[in-house]
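Just so it is clear, A, B, C and D label the chains in written order, and each chain counts residues from 1 on its own.
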Amino acid sequence: MPGVVLGPARYGKAENRVVRVVREGRTHHIKDLNVSIALEGDLEETHTLGRNDKVLPTDTTKNTVYAFAREHGIASAEGFALLLARHFVAGRESIHRARVRIEEYGWDRIEVPAAGTDGTADDASAPGTGKPDPPRHSFVRSGRETRIAQVTVEAGSCEVLAGLTGLTVLNTTASEFHGFAEDRYTTLEETSDRILATEVTALWRYADHLSGADSGPVPDGDPTPDWDARWTAARDHLLTAFALTHSLSLQQTLYEMGGRVVRRVPGVAEIRLSLPNRHHVPVDLTPFGLENDREVHIAADRPYGLIEATVLREGATARIPPDLTNAL
Amino acid sequence: MPGVVLGPARYGKAENRVVRVVREGRTHHIKDLNVSIALEGDLEETHTLGRNDKVLPTDTTKNTVYAFAREHGIASAEGFALLLARHFVAGRESIHRARVRIEEYGWDRIEVPAAGTDGTADDASAPGTGKPDPPRHSFVRSGRETRIAQVTVEAGSCEVLAGLTGLTVLNTTASEFHGFAEDRYTTLEETSDRILATEVTALWRYADHLSGADSGPVPDGDPTPDWDARWTAARDHLLTAFALTHSLSLQQTLYEMGGRVVRRVPGVAEIRLSLPNRHHVPVDLTPFGLENDREVHIAADRPYGLIEATVLREGATARIPPDLTNAL
Amino acid sequence: MPGVVLGPARYGKAENRVVRVVREGRTHHIKDLNVSIALEGDLEETHTLGRNDKVLPTDTTKNTVYAFAREHGIASAEGFALLLARHFVAGRESIHRARVRIEEYGWDRIEVPAAGTDGTADDASAPGTGKPDPPRHSFVRSGRETRIAQVTVEAGSCEVLAGLTGLTVLNTTASEFHGFAEDRYTTLEETSDRILATEVTALWRYADHLSGADSGPVPDGDPTPDWDARWTAARDHLLTAFALTHSLSLQQTLYEMGGRVVRRVPGVAEIRLSLPNRHHVPVDLTPFGLENDREVHIAADRPYGLIEATVLREGATARIPPDLTNAL
Amino acid sequence: MPGVVLGPARYGKAENRVVRVVREGRTHHIKDLNVSIALEGDLEETHTLGRNDKVLPTDTTKNTVYAFAREHGIASAEGFALLLARHFVAGRESIHRARVRIEEYGWDRIEVPAAGTDGTADDASAPGTGKPDPPRHSFVRSGRETRIAQVTVEAGSCEVLAGLTGLTVLNTTASEFHGFAEDRYTTLEETSDRILATEVTALWRYADHLSGADSGPVPDGDPTPDWDARWTAARDHLLTAFALTHSLSLQQTLYEMGGRVVRRVPGVAEIRLSLPNRHHVPVDLTPFGLENDREVHIAADRPYGLIEATVLREGATARIPPDLTNAL
């Protein structure tokens, strides 16, 4: 039998759910994260001999997440991921690389109507509603998308990725598809006006001084970028480009969405987009004596087109792995 | 062997996905529904003898959904469900009852910034952004909750239920739990300040003239209530009651939420709530020499408390089935 | 504003995941359950006044599940559910009814090949593989279906339901559908040979001495029926009836499946089946100059027909609620 | 603003659900696949200019899947993927690389008991049950795991990957974990006997003449390997290694599982495993005066350890991407 050797390996605790509360008097704030740790390094003997002396238990990586949330707070997902990743690499010779991936879930504040504004008496059970400042400790889960931050730290380098998944968008017009190639299996008809809908998964890479990679503008030499502002800007530009693009194909729309983020969000060198084409098929109602001029559609489940591409700042190198979705 | 007979039976097409587009010049509107049909009636011979002459194919119920979306439009989920349910019962002697359940998914309009407002030139690919009226045909999926409408029509009666599922809310304080019963298996400690979080599933029943059941106020004898306004009001009252209630138990919060909807939303005779208690457990950080005064929490998955109850208008009868969630 | 009152209410801990190991020397056995508790009773003041003195914390119901698994073992899901439900009702005056629902997940033993039978040396890391009796402590998750047991106990009555969900079956022929009713929205073509596929959800009710309800045969006055044998028999009869029935409609197949269980499984008075019709549509390959005689099919996702019915032993009363699936 | 360029891009139709029936007299066979196509090549102008003349519509890739299922049949998932991938690359100059990923779902034949073997008369509706050969056209979905085949073809190279996901295994003993590294955040206690459970995701690469890569044994110069036999052997070896390994860590178990496949399955040069550590925590029952000697466990959901590694044949190169699971 052939001999075997260990290839690339990593380990850590996945999906540590952290909810942090910050209190400013009666006004509270929350951060809701799902943190996954993956450590690489000197793991040979662990796998081949069952020697654990160089293994930091995944339980310890979990404890570190919660302790850091208390010790350092959570200014942003990216900032928290950087703290954790640097800690693991700096703290232990046998750990050569640490990847911290964070999912962040959004919450909106529940706005409580001022007392009696709905023309009714208040519930006996609603103390303080008559006061000038209503309670500010109530939240409702917002949007459908999940924010992503992924930081990888190793000796001499640091990569910061940010992104989102589950952002579902739809244009009711301004989408065409024609002039495509054909072969004996082609039956699709050309269209000059269709619904275009997709569920955006996007991951972009920052290339300013933090990573020291790719020649890129450093935002005012700011030592700590405003990660939240960057993420919000990227999300807005994705939506705006989707809305403003008169689409000749989902490929073209993808390029406009990615290009707008690379051009306009500080420090972005690269973005990878995975766009399932959520087909909306006009229903043939002629059997019932009815016309259907792109009014009534079936939202199809499967199959779906899947368009994936990376858009790069000129001179940058593509580093984001191609498979953002459809893991086994 | 014992003889067997047919008991309650029904059939129909489930999960017909309908997306309807309405165009007002450059301003478009969409309705995004998932419609399920269930028909009851004279099904004995179909089941026992395989005779299909009284079976309207589920494929036909599907076609009817799409044809009606075109013929009648979709003013509201409840209104569309009423049209469909009445059609099936009126159209065929062998159908004695029709239930139409609709899930509705929300969409927000994507607001496109006016030309150049972000201090940049526009994309070559963004025609018309300089014009006074930007395109109004772009949408992004909103919120996380799903709206529910369920209408059941049979000879001489009509029941209209509305509701929602997936509305996740959280209070960071104003939640206590103490003074509870104990037995030999009780280890829980009392608390006077905890996070209270739940994912609301609610279903309420309208009892005005439409159903002719339960003595209830008829909204200005309005022949067609504003179903959308009622649903939005109910959602708002659920959020407000959750935020305003100083909670001594999730049971009490449920009652305040349900009571507020019954009191304040026109025509509601009954509401059923299913509230999983999404436990947020403060992490013990003392092993690391850290205090944790309700700052850092683990969001637990399972198990979870499950609190379910119906709140009724005085004099009304409980008709909503108890199991809103956890089907097999 | 109208007054409000409390309607039907219940509470408890849902989805307590229990894995119990039993050791017989080197041969181990496991039970893998997901246990949900729902208690009803004197809950008025809890909801309306926030008084908890009659509330047994859901945390206590959780502890009871784990303690009972240790004290009494888990002979069967139904037996364990009976123990728990009776405990809650007997133990506390304020609890009038207890429902225990259990999902059970199946495991098969991993059969280890005898040493060297695959014509190779053994791994250095495989101690004891040369011995006559290999280790018997390794398992692999079996089948796709989940077994269900649901017991409801109240003063003077006890109801035992059993069932399954996720049992997916398919016939490649012996399925016809024709002679159905038509209206202006009917376009379906008749077929005398189609694929019939469904994902079975079934729940049946035992009506022997345990429930004291419905005149039914008591299996040898056996005080504790062999719940596992009954469940296995019911599953086998569902599969056999599906395979043996030449189907003129899924409704007819449902009736044969249910009838066979009622006739042949001891103590069953009633069964409810929910059968989604998983449509398999032959692909039209004529554009490519190919025939397709029921060979190549698209397995469609949505919409799907949904056929639901109860089959009763003559004289029995239908008690199983109609909605086994599609909770909000 | 910086200029932007297109990076790596691909497109195609994902999740084409194909069910193929083969009839041998009364004995039928089925293949149940979910096929996803991804094409790379000359896509620059499609993305940047919206020119589609080099775009083969994803709809055409879908049609090709169904047409090929009819024209060539489906001998195995790997063989079918090879046919499709070679077709797309050979058929069009602008397509430089094709990746075909297939999920295959298993079905077992429903064994019908011979007539009356259960000591009862047969259902009137069960024709042929008395005949010597019962119908052989009925199937039930097997196991919980999904088989994976992924083939990538480009000029002069061809890569064949196979694998599985969702194979859940558990050892009730023979698992230890101690001697691990510690830091200030370590609280885990050492154990010499614990439950070890994981849900196996594995992907392995064949390196014989098909890919012409890596020096590897060619199985008897067989032009078409028996892909099904190889896959079944790999699955069996994964189970056997899991059962036979006395584990000092999940890392060690992973290495034994991977190593056994590389050593014993013809043509395998590399395997990547992703093993979530499904923690089973013994419940502390001492508050109830009960011992719990590894009998009653909580099956935890999150967080979980995640152990991932590649095992290589000596001399082979690691080519399987590291992220088999946890896509965004």
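Just so it is clear, a residue touches a chain if its C-beta (ideal position, glycine included) is under 8 Å from a C-beta of that chain, and two chains touch if they have at least 3 such contacts.
Going by UniProt, the chains are A, B, C, D = Uricase.
Everything quoted here is computed from the prediction, not taken from an experiment.
Considering every other chain in turn, the ones in contact with both chain C and chain D prove to be A, B.
Note: the chain lying farthest from chain A is C, by mean C-alpha position.
Chain C has its Cα centroid 26 Å from the Cα centroid of chain B. Between chain B and chain D, the centres computed from C-alpha atoms are 37 Å apart. For chain D, residues touching at least two other chains, in rising order: 1, 17, 63, 67, 120, 185, 187, 252, 259, 263-264, 287-288, 301-302. Taken in their complex, chain C has these residues touching chain B: 1-17, 36, 38, 43, 46-60, 62-64, 67, 91-92, 94, 101, 148, 163, 165, 177-183, 185-188, 201, 203, 217, 247-249, 251-252, 254-255, 258-259, 262-264, 270, 272, 274, 276-277, 302-314, 318, 321-328. Contact residues on chain B toward chain A in their complex (touch as defined above): 17-23, 28, 30, 32, 63, 66-67, 69-71, 107, 110, 112-113, 118, 120, 122-123, 125-127, 129, 134-135, 137-144, 167-174, 195, 239-246, 252, 256, 259-260, 263-264, 280, 283, 285, 287-288, 290-292, 294-301. Those residues of chain D lying in contact with chain B across their complex are 1, 120-121, 184-185, 187, 287-288, 301-302.
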